[in-house]
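Look at the two complexes coming up: chain A is in both, with chain B in one and chain C in the other.
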Partner chain A sequence: MTTGVDLGHPQAQAIQSDEDVVRVRQLVRTVAVASKLSLVDQTKLVTAASELARNTLVYGGGGTAEVAAVDNGRRRGVRILFADDGPGIADLDLALTDGYTTGGGLGLGLSGARRLVDDFTIDTGPGRGTRITVTKWSR
Partner chain B sequence: MERVPVLKIGDILLVSIQLDMSDQTAVQLQDDLAERIVSTGCHGVIIDITALDIVDSFVGRMLSTIASISKVLDAETVVVGMRPAVAITLVELGLSLNGIRTALNVERGMELIAAARPDEYDDGEGGDEDADDETTDTR
Partner chain C sequence: MALRAEESSRLAGLLSEHRERVTHRWVELVANSLRGRLSQAELRRQVEDLHRGMIEAAQGGALDLESEAAGELRAVLAELSRGRARQGFTATETAVSVYALKDALLELMETEADADTLRDYVAFSSFVDQMGLFTFESFVRTRESLIADQAEQLLELSTPVVKIWEGVVAVPLVGTLDSARAQVVMERLLQTLVDTGSPYAIIDITGVPAVDTQVAQHILKTVVAARLMGADCIISGIRPQIAQTIVALGIEFGDIATKASLADALRHVLRLTGVTTSRRQSRRES
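Up next is the complex of A and B:
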């Protein structure tokens, strides 16, 4: 699958507080609108971003989100990288199971976010922190 | 931290969420509502989410929790005004919103609450609330 080309500079948002999670949602919305995603796709992407930003804060101990408009030659889209230097995820399959949580949540953030986007890649491991990249393409 | 106002209208508490809530604000609203249900003796809660452009798992859980708490406190909660794109996204996220009653708008929500408690709202036997109407409200 093509990864696409960045259009301009990605915009970074630190994730260190509840309010930063709100800012990530707003930044993603702005870029999604500019990239002409449909209303439903904007809503799906912002929802996925909200879940992943919260995980970055709560489980990753804080980190960053980088939001970029991308173009793969055929379609425009939005790509977001969530990165933290937290404990990482030891059992990824388990973490991606609907309903699995170590923090008293609903356990739908990771699995749900994966369903809501077109591309979802994750690089994590014990002691390695977590980097999740998601992309949503215009239709 | 911003706070979501809770309005008392007759025997109903109306919450119209007008901002992109931080998680802390959402938890605060949950606590505020529980307290207001008890202090006012209201038997109905309407949460208007017309202005919300996403509902993620955190807010979804908050809505379910409010519905459960209000039930224990002898009040009905109805969530109104969910946008179509939000509903579509919730299903894909995997959130079932178990136990939450929904209605199209505030007016329908009030009808639902009235129907759930015919004693209080139909024949006004308690005598404190007599603004009953068979005619249609315009608003």
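Up next is the complex of A and C:
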């Protein structure tokens, strides 16, 4: 679903602590600025990355984020892949419901992140970890 | 590589026999590398401590740095590294203080250039290497604890609660609002509300780069806690991009008053409290 050619090497960041979530955020912001995303889009993408990185840490038990600048011929964008080897999500529809949480949060992270980006793909299942790819295109 | 028992005792013998010469040369070498940033007397004391520690370890039959007999030596090394780290020396400058012993030993032993002496030197040298690595580790540990201390100080620094009007306090949040900081902010705010008896608090998030669900949750909890104490909270400094992000995320601030700027928030509170402000020169219209 996510198309586009990678521009340069994706930059990886391990997610093992709260500080790493901040690093992911900073990395995403740097790439988003370089890809000429508008301030609103930058903020949306950074916020989505923050949510997903925290999910990777809290529910996935840690993982990695890969941030890449991409180009689909017409527009530039930023693609981020979050991967963990955690327990996976058993009921995806439920997890994507606003207000549903198993961790005491607001229950808006995953569903909110989906609304904040242009492309959102999720590959998960019980016992096989979670891989989420999000892309935000410049306008 | 560990020392063998006879090497260990030979090391002890060598060090105590040539005590003056070894320590003198050792101090000289270290002083060169530190370029006078540490007093000669201090350096001499450290080197003599190390020297004594090594002799005790070797006499006690220590075959490597991990052994029990080397406990005293490890303590001296750790003390040295801590001191260096706190005084702002680099890791290299710290390690050189130990490695300089190798040169001092070499100068002592190269006069008798036979195979046995060479083997001894290699064994001694690997023992000194262990000491150097230990120094390095202690150094890094000290630095890490220094950084942790500073992070804590920063936490304290970055969350002032200021009184901006009679009965109105403001918390300008700057930077990332993680759980630890949110906790500090909440405690400070609640305490200030009690101390000043203020019925209004303004939380200004102009300096928060991104408001995600965690940040929002922390803010909401702070507001609820303040309400329980009878104070009303206003959230200000919501920039356009933050507003759009909050809407897309689906975060509800409910009946909490939110304003674009701190000035708006203050004006809002003043209106609520019935304070009227006017310009000195009356405006033409109205």
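One rule holds for everything that comes next: the second predicted complex is superposed on the first by the 137 of 139 C-alpha atoms of A that agree within 3 Å, B and C clash if a C-alpha of one lies under 4 Å from a C-alpha of the other, contacts with A are read in each partner's own complex, and residues count from 1 in each chain.
The rule we apply is simple: contacts are C-beta pairs under 8 Å (C-beta built on N, C-alpha and C of every residue); 3 or more make two chains touch, one makes a residue touch a chain.
Note that the structure is predicted; figures quoted are calculated from it, not measured.
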Looking at the superposed three-chain arrangement on chain A, would you call chain B and chain C a clash or a fit?
clash
Using the superposition on chain A described above, determine whether A:39 touches chain B (first), chain C (second), both, or neither.
both
Chain B versus chain C as contact partner of A:105, first or second or both or neither
both
Common interface positions of chain A, toward chain B and toward chain C
18, 22, 25, 29, 39-40, 42-44, 46-47, 50-51, 54, 98, 105-106, 108-109, 111-112, 115-116
Write out the stretch or stretches of chain C touching chain A in their complex.
176, 178-179, 209-214, 216-217, 240-242, 244-245, 248-251
Given the complex, residues on chain A that touch chain B span 18-19, 21-22, 25-26, 29, 39-40, 42-44, 46-47, 50-51, 54, 98, 105-106, 108-109, 111-112, 115-116
Touching residues (chain side chain B, partner chain A) in the complex
20-25, 53-58, 60-61, 83-86, 88-89, 92-95
Chain C touches which residues of chain A in the complex?
18, 22, 25, 29, 39-40, 42-44, 46-47, 50-51, 54, 98, 105-106, 108-109, 111-113, 115-116
